[in-house]
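Chain naming follows the written order as A, B, C and D, and within any one chain the residues start at number 1.
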Amino acid sequence: MRACALFSSVLTALGFAVFVATALPPARAADAPDPAADAKAFRDYFVKKFPKVKLDDFVNGPYSMNEDMRKQWEEKEQFPPYEFALEAGKEMFATPFKNGKSYADCFANGGIGVRQNYPMFDEKEGKVVTLELALNRCREANGEKPYSYVKDEMASLTAYMAFTSRGKPFDIKIPADPRALEAYQEGKRYFYTRRGQLNFSCATCHVQSPGERIRAETLAPALGILNAMPIYRSEWSGMGTISRRFTTCNSQIRGVPLEPQSDEYRNLEYYLSYVSNGLPISGPGARP
Amino acid sequence: MAPLDFSPLRRLILKGAGLAALTGLGQIGLGLPAAQAASDKYPEDAFKQKSDADAIKALYGRSADASEQIKLDAPEIAENGGVVPIAVITTLPGVTSISFLVSENPNALAASYVIPEGTVPSVANRLKMAKTSNVIAIVEANGKLYSATREVKVTVGGCGG
Amino acid sequence: MASTIRVRAINSGDITEVQALIQHPMDSGYVKDAQGQTIPAHFIQQLTFEYDGKAVFVADWGPAVSKDPYVKFAFKGAKKGDDLKVSWVDNKGASDATTAKIQ
Amino acid sequence: MSRTIGAIALAAVLLPATLIPARAASDADFKTAYAAADAAEKQAGALRNQWTTTEAALAAARKAAEAGDFDQAVAQAREADALAKASIFQATSEKEAWKALEIK
């Protein structure tokens, strides 16, 4: 019986894929990537789709588009559930490593008010470096074990760093390096690529249907979605990082998540952050 | 007494001001302390009851009448059943305790608050709700029991995938 | 170890508004872990706020109060700079207490 | 057009997977079916596009085989194989198809 259910779901997924494939316009010549034009089109799309939402309010995710939820959120924000993580992060950030150095030594401006610059493209490595990755590299360079990317300490540290950057607009740069443009383009491809048995892309939920409910959740708009990270999700009963958000999104559409901080996720974060340039950092955030 | 417009009042309270508006109202009567509410003893038995009616009986020994003077503030649709912000404020005088019940939870009684003299009869807290249910606020005032009820919808949480 | 209790007590005129957030799992006893084992109930039963030697607010909680519980109330008679004592005890007998300055 | 043909071919592969084998399946049948599914899933892995449902079917196949229920083990392995092939098909067609969704 279970076999039948599976069988039909395979067919459904396939049927969907075939439909999409055949409905495609003939492949057009690959235009050269133009991140600035992409970002403008991206922002314009959301502004047009949600004329009542102020641009900066998109960083508040589903709360920007649902009054009843917004009220519950404001209630929560009076004493936000990320408070403990934020305090722990502040303490961790100030505590030196065994070698006497600290996180502050690894970052510009001692790590204060810099979250809006991440991820950045590292021209030496030729790859995107996210804040989570930079934090673990900082630990390892100082003889400390890396943290899990998805929650707990990593969420606390990034919560504190985001908090010191609240209100600062995302300022992601794509240097004149073909590898940077390639990383951006790969991130964009990941964002729009359908995957998982449900045949969903990131865009299916967060571009086409923000504000709508899927199962029990109200979908957040992709514009500004990373500005609030890390987040305390009631559904998780705890904090989660960008890595956690990406991996759980993948498994929700029945795709096997990639390893946190894999090239794909790094590129995806680069793309998503870039197209939200100009919108303020609002993390840490609270979400349903 | 002039009817209170609750929503601006609540907003004022959220800002931590405007509470003075209420203080004249809550503290009339002698506050006949009911046995349960006045004691420091944890009402174990009441928390073990399954239905709202049994829990109210175990806690107070009688049933409550609906009152327009209780404002129960709860969302229409809980964004997550695990964290539902629920608040109550009342203009009833002589309040000695305020309790919250979620009718459809395995055990209906969620929280019960002792309100000594000098404390404003207003409480906000966050409760878990297993599913769509009535939420009942009970206010004990001048030895009598009053209630307000609201339905809160809870959609199935998470997808477990 | 850092306190499990966060308190904000803000005085304005005769009224002091108190908000508290407590770090506690508040396990209901109805949830199973990843291995399918029921997580035993573990929740704060009583939370007490004392001012000037008297209880100004007592919360009796069951397991239906949310994880990391939050409560807000207000009382009369305190001044800025006064102490507010907060303490809790859970169903396993664990407890914590702190004293906050009214702001 | 080749995509459509691919899908039909795939559907043809899928059909026998749900049929009850005429005779009881053996350990060898399971191993053959599982190896095929595992190979397809590895290919999906190389395309960075595995499905959780494929993994679940593979696990169910292993579990059934351990319990000596080879009919069930073979059925699960074939499902896993079909799912893995569908995920490969998805990843392959999405190499170009993603562009249709892009905001321009």
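Here, a contact is a pair of C-beta atoms (placed from the backbone, for glycine too) under 8 Å apart; a residue touches a chain by one contact, two chains touch by 3 or more.
All figures in this text were calculated on a predicted structure; none of them were measured in a lab.
Enquirer: Please work out which of A-C and A-D is bridged by more C-beta pairs in contact, and write that pair.
Expert: A-D
Enquirer: Find the geometric centre of each of chain A and chain D from their Cα atoms only, then give the gap between the two centres in Å, rounded to an integer.
Expert: 31
Enquirer: Can you give the whole-Å distance between the Cα centres of chain B and chain D?
Expert: 55
Enquirer: Using Cα averages as centroids, what's the distance between chain A and chain B in whole Å?
Expert: 39
Enquirer: For chain C, write out the residues touching at least two other chains, lowest number first.
Expert: 67, 70, 72
Enquirer: Using the touch rule from the top of the page, what residues of chain D touch 2 or more other chains?
Expert: Touching at least two other chains: 52.
Enquirer: Using the touch definition from the top, which residues of chain A touch two or more other chains?
Expert: 78, 81, 237, 251, 254
Enquirer: Under the stated touch criterion, can you name all the chain pairs that qualify?
Expert: A-B, A-C, A-D, B-C
Enquirer: What part of chain A is in contact with chain C in the complex they form?
Expert: Contact set of chain A toward chain C: 78-79, 81, 83-84, 87-88, 91, 237.
Enquirer: Which of the residues in chain C come into contact with chain A in the complex?
Expert: Its residues touching chain A are 2, 6, 8, 19-21, 23, 67-68, 70, 72.
Enquirer: Under the stated contact criterion, what part of chain B meets chain A in this complex?
Expert: 14, 75-80, 82-85, 87, 124, 126, 155-159, 161
Enquirer: Which bits of chain A are touching chain B when the two form their complex?
Expert: Against chain B, the touching part of chain A is residues 68-69, 71-73, 75-76, 78, 81, 213, 215-216, 218, 234-235, 237, 251-252, 254, 288.
Enquirer: Chain C touches which residues of chain B in the complex?
Expert: Where chain B meets chain C, its residues are 13, 16-17, 19-20, 23, 40, 42-43, 47, 82-84, 87, 102, 105-107, 109-116, 118-120, 122-130.
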